[in-house]
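Here chain A shows up in two complexes: once beside chain B, once beside chain C.
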Partner chain A sequence: MKRILIVDDAATVRLFHRAILESAGYAVDEAVNGIEALEKALQSTFDLYLVDVNMPKLDGYGFLRELRGSELPQAPAIMISTEAGARDEQLAYAAGANAYLVKPTRPERLLLLVRMLIGEVPA
Partner chain B sequence: MSPLLEQFLSEARDFLQGIGEKLMQLENAPDDVELMTELFRFVHTLKGNSGLFDFPEMTRVLHAGEDLMDAVRNGRVAYSQQLADRLLDAMDFVGMLCDEIEAEGSIGAAYAADSARLAESLRQLMASAEKAGAVSAIEEAATPLVLTAAAATAPLLAPKVELPLAEIPETARMAAYRSARAGNPLHWLSYSPAEECFFNGDDPFFQARQTPGVVWGGIVARAPWPPLAAMDAYRCLLDFRLLTTAPRAEIDEYYRYMPEQIKLLPVSPLALVLPQGDPNGGPVYEDLVVDALRNLRGGDVSAVARAARAMLELSNPDLWLSSALRWLLLLIECEPDNHPALAALIESLRSLQPVDWYLLEQSATPAVGAGTAAGATEAAAGTASPLAAEEAAALAAIVAAQRAILSLPLGAPWQLGRLRAAGAALAGCLRASGRGEAVHEVETATAQSLACGSAQPLSDWLAHHFAPAAESAAAANHPSASAVATAAARPVATASGGANTASDGDRESSSGRRADDAESDVKFGRRAEDAAAAGVKSVKVDQAKIDRLMNLIGEIVVAKNALPYLAGRAETVFGVRELAREIKAQYAVINRIAEEMQDGIMQIRMMPVSFVFQRFPRLVRDISRKLGKEVNLVLEGEDTEADKNIIEALGDPLVHIVRNSLDHGFELPELRRAAGKPPAGTLTIRATQESDRVVIEIVDDGKGIDPAVIKRKAYEKGLIDETALERISDQEAVNLVFAAGFSTAEVVSDLSGRGVGMDVVRTAIEKVNGAISLESQKGKGTRLRLSLPLSMAVTNVMIVESDAQIFGVPMDCVVETVRVPRADIRSIKKSLTTVLRGRIIPLKSTNALLGLAAPPLANAEDELAVLVVRLGDESVGLLVDDFRETVDIILKPMAGVLAGLPAYSGSALMGDGSVLMVLNIKGLF
Partner chain C sequence: MAFIKKSPGSETLAHEERRFARDCAGLALELESADASERRWAARDLADCPDASALLLSRLQREDDASVRELILSTLTRLGDEVAVLGLVNCLRSENAALRNEAIECMKQLPDEVAPIMQCLLADADADVRIFAVNVLESLCHPEVESWLIQVIESDAQVNVCATAVDLLGEVGSAAARDALLRLKARFADEPYMQFATDLALKRLAAN
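On to the complex of A and B.
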């Protein structure tokens, strides 16, 4: 099973994304901020990261920068933001995201992106 | 309720509380950037969460709050108390909505108005604050849009009237546009019924609604509303505005009796093309505009449609740009040959400015209604397979994103990780689109890029294999360049039997890879579990589960108490002393474990008093401001812990006490100054632990209580007699406020209210075995002291025997046990008394109090057993037959019809299986 790490401080959003991803057969782990996400990434390997922007301690940008600068395996990351702006999108890419989604996430859209980024052969 | 909604509500409450706390803290440190950022994050996250559900009333308020906090955070709006007040109001409203959702599952329509009002008040705050300072970026962006829209449409229609077409929802405008392009006339109808129309039997609303060909309708007030008192509800002050596609003659016929009340203006269909939405950003449209214009010049309108559709898929539908794209698609569908209009609309994607259709129509003659058939075919071709289109769009988006990523300048070493990730993303895309055979190429290119520390090799590969974004999405009719389109179409081809060995091979290898993954997943799984064990610091548990544990441990405690009884039987009945000793030894072990377990479970139930205290900063602030008083709140010992039940029972009484203190204890600032006190009063709430009790003190430096007034009032109320009036000390007098019946409205006004409902407070505290006392010095202040048990779960009782039955008496009440010779007991009138250590103690027969007939038994020396108990501030002797041991019991309150028996506070199960009735001393008399 492909493993996805959800990094979001809002428990509701984590639950929402977890439900979507698990229903599509992915294994999901969660982290509530960038620091915890890094710890998880150190201990375990993920196929994809789903990262919120605004979080306490270490935000999504910070997490991605740390991740991309590390020796860890580099799985693709989707940044999820409430800001639908080209500037925010560029910032996300610069930090190390590979895709950008605007909240609230549409399940089918999220799953499509996840499937593409993880590289699952269509059934 | 769905788990997601439950989660949302619980988290929302946490956030609301956090927001309240942060706002309080900000009052003391308005410049604390960190606090501000935290606060913004709370509001922001809460808004984001609410967006997952369809609660527009909630989201609207939160969105306004978020914008406001963002402005504060960025220094565009200064933090003020008024701002905090409004924000707190808004959060209270959101809290109310949460309750509503929890109770009803949805938000009633009644809240919409409040929601709009609150959001508006927050926005006003921002607007007015910003007027003074810099101009809001949001407003700057939003306002001109509306203005230009109006400006663009106005000259087209009627020189004097500006038609507010932008108010019509996009869907309605699109429907009208379609209808107009299908050959129907389009008219703006303004209907102003006569003011006295109701007296003529007219029904303007019905009249307007029945207008032929209505696409949209709106109602506006003709003039600003008069004050309510001056308003005449029987006059019609409304104007109706309609967009209709009926022929003019039909409308004239319909309104033939009131031609002077309507105004009919023709509307050009293009005037309806007004994109609307959030003007802030979206995906990068530059490529799309360039390619679309080129395709348009080349006459390939269908390619433009496909590109627009793909981009639309990528964009948030609420964006201005998305709206523009939808219009573009509609225009392509309805008038694909109107190239000037299409080009203008495409241009507007870049400029973000609405098209000036008036100018456009003057310079070119649109080809109305022509070429619809061609447009339809193109559209059909574009949406042949919706799934494939979606996939293609997603692919295009990802590829575009990776291109953007690779084009970013490489600086710090961490960009190498970015390259790797981009490579992984592209490899994923290839596999997902059934082009697994190309994966190794990406990998090679990525490796090259990493080796030379430059994005170039990977960029080159990308440029070679994927056409630039817009083209790739729009290039279905250029097979050579359309890697994406074929990629999307490919799975269909292989599935339908094409012997595509490369693809099959790839699939095999990928299933092999999956097996590997599965294996490593197990490993990761274990590691993840280890990590979880190390990382988890707290668990949220349903209280019912803990209560169940409590009940079970209670049963164990009772069951283990059977062992000494069993040992006794082994010795006395069966005569096996050895076994009795072993049972006792084992009992000691089980007893120790059970006690530790009980202690452990109690610990789980422990909560800090901060749970109750946290509401006070807000409460004190709100009430004192309302009363015009200045009060500083000092909270101490917030982490003192007590059982959850105790903490919860503490809440309401404490609020009551604090309210009282604010309302009647503190003086107004002028009075305080006159009395030589600092104008701001201090209210201290302090929690401490004293052995097995939690003590809460509420101290104010207000005007205190005058014992003379209390005494007089108590006498007037008949609570004390004349002798008591003379005798009681001031200290005793102020405690009379706790007497039942002391607090009435009349007393409140005379006494400036100290003592309102204090008997209610006392009852609530005593219900959890707590005690309350009050000290007050006139003019100096008042100190209330609540003493509560740490836990209610285990009660220590003394067992007494009376009339051959056993009863429990809570040890809290027991003062001492004595045996009094019958000769020392005197009768005064009908009461029995004795003198104990120089004090007269009234004696009561337990049997008599419980309605048992037997007289008290004396022992061999003719002494009577007297259990001296505390009753309020007095001591009373209970005549019992004999004393027994003290035990720890789990007290079960009386349930059902028995709950009405005041003499008992509950029952407990004893080790030998018998039931012990526990007396409620206060209820006995």
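On to the complex of A and C.
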């Protein structure tokens, strides 16, 4: 079973994404900020990261920069943000994201991206 | 892998020699030093100087060292004057996500100082600033928090602002929020996340 780490400080958002991903057959773990996500990435291997931008302690950009610059196992990352601007999207890709989604999440859009990035459907 | 943040080193400070005078002019110069340990000294000791908030806010915009930033923010929170609060509000408009989050965390610690400007922040033209204002409410111990959140979900047209407010209402709301949540659910009937979040908030309110 493919494993996905949800990184978001908003509990309701984590619950929503967990429900979508688990109903599609993925195993899900959660972290509430970038520091906790890095700790989880040290302990486990994930097939995909679903990362919010704005979080306390270490934000999504910071988390991805640390992850990409580390020797931790790498996996695709979807960055999720309330910000729809082109600059925000550029920042996400520069930090190491593979895709960018604007909140609120549409379940079918999220699942399509996840399947593409994990390699279950052609990109 | 160096991803665990170092905390600002108070022990280190105690052993560092000081090159600058300890008066306000000296501290202002020290805050611009190339040496991070000297900037830490200045960020801590400037609190008693006039214009301290303005100097600290100016440095904060350019400061890369995490330990200096932490001390600047700690001193700004301790000062809590009008300049500090308005400076923190300006940080909410920054493109630097870390700076925005740091400002939010500081503002949460200044309920009495932030409360008078909360209505303005919740009515800001920039939806992101309104979202950050709701984030500030998360830990702002103030009696108006619930009514501000109800006002947001009743009046804000932007779905993500309302979504952020709903998350919080589920945690801090009371029965007074129920009707507003039901109206919000109807207003965003085609948004799956909003349906999920309002249902969850209503369930939590019913359980309280």
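Note that in this section the second predicted complex is superposed on the first by the 120 of 123 C-alpha atoms of A that agree within 3 Å, B and C clash if a C-alpha of one lies under 4 Å from a C-alpha of the other, contacts with A are read in each partner's own complex, and residues count from 1 in each chain.
Everything that follows uses one rule, which is that a contact is a pair of C-beta atoms (placed from the backbone, for glycine too) under 8 Å apart; a residue touches a chain by one contact, two chains touch by 3 or more.
Treat the numbers as computed from the prediction; the structure is a model and nothing was measured.
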item: Simultaneous placement of chain C and chain B on chain A, clash or fit; value: clash
item: Chain B versus chain C as contact partner of A:Arg68, first or second or both or neither; value: first
item: First (chain B), second (chain C), both or neither touched by A:Gly60; value: second
item: Chain B versus chain C as contact partner of A:Leu117, first or second or both or neither; value: first
item: Partner chain in contact with A:Gln43 - chain B first, chain C second, else both or neither; value: first
item: Touched partner set for A:Ala77, first chain B, second chain C, both or neither; value: first
item: Chain B versus chain C as contact partner of A:Gln90, first or second or both or neither; value: first
item: Chain B versus chain C as contact partner of A:Asp29, first or second or both or neither; value: first
item: Which partner, chain B or chain C, touches more chain A residues; value: B
item: First (chain B), second (chain C), both or neither touched by A:Val13; value: both
item: Set intersection of chain A contacts, chain C complex versus chain B complex; value: 10-13, 15-16, 19, 54-56, 66, 70, 72, 82-83, 87, 103-104
item: Complex contact set, residues of chain B against chain A; value: 3-4, 7-8, 10-12, 38, 41, 44-45, 47-49, 51-52, 278, 280-284, 315-316, 318-319, 390-391, 394-395, 397-398, 401-402, 404-405, 408, 412-418, 420-425, 427-434, 436, 439, 491, 506-507, 510, 517-518, 520-521, 524-525, 527-528, 530-531, 535
item: Touch list for chain A against partner chain B, complex; value: 1-3, 9-13, 15-16, 19, 27, 29, 36, 39-40, 43-45, 54-56, 65-70, 72, 74-77, 82-90, 93-94, 96-100, 102-104, 108-109, 112-113, 115-122
item: In the complex, chain C residues that touch chain A; value: 1, 3-5, 95, 97-98, 100-101, 104-105, 127-128, 131-132, 135, 159-160, 163-164, 166-167, 170, 191-194, 196-197, 200-201
item: Chain A - residues contacting chain C, complex; value: 10-13, 15-16, 19, 35, 38, 53-62, 66, 70-72, 82-83, 87, 91, 103-107
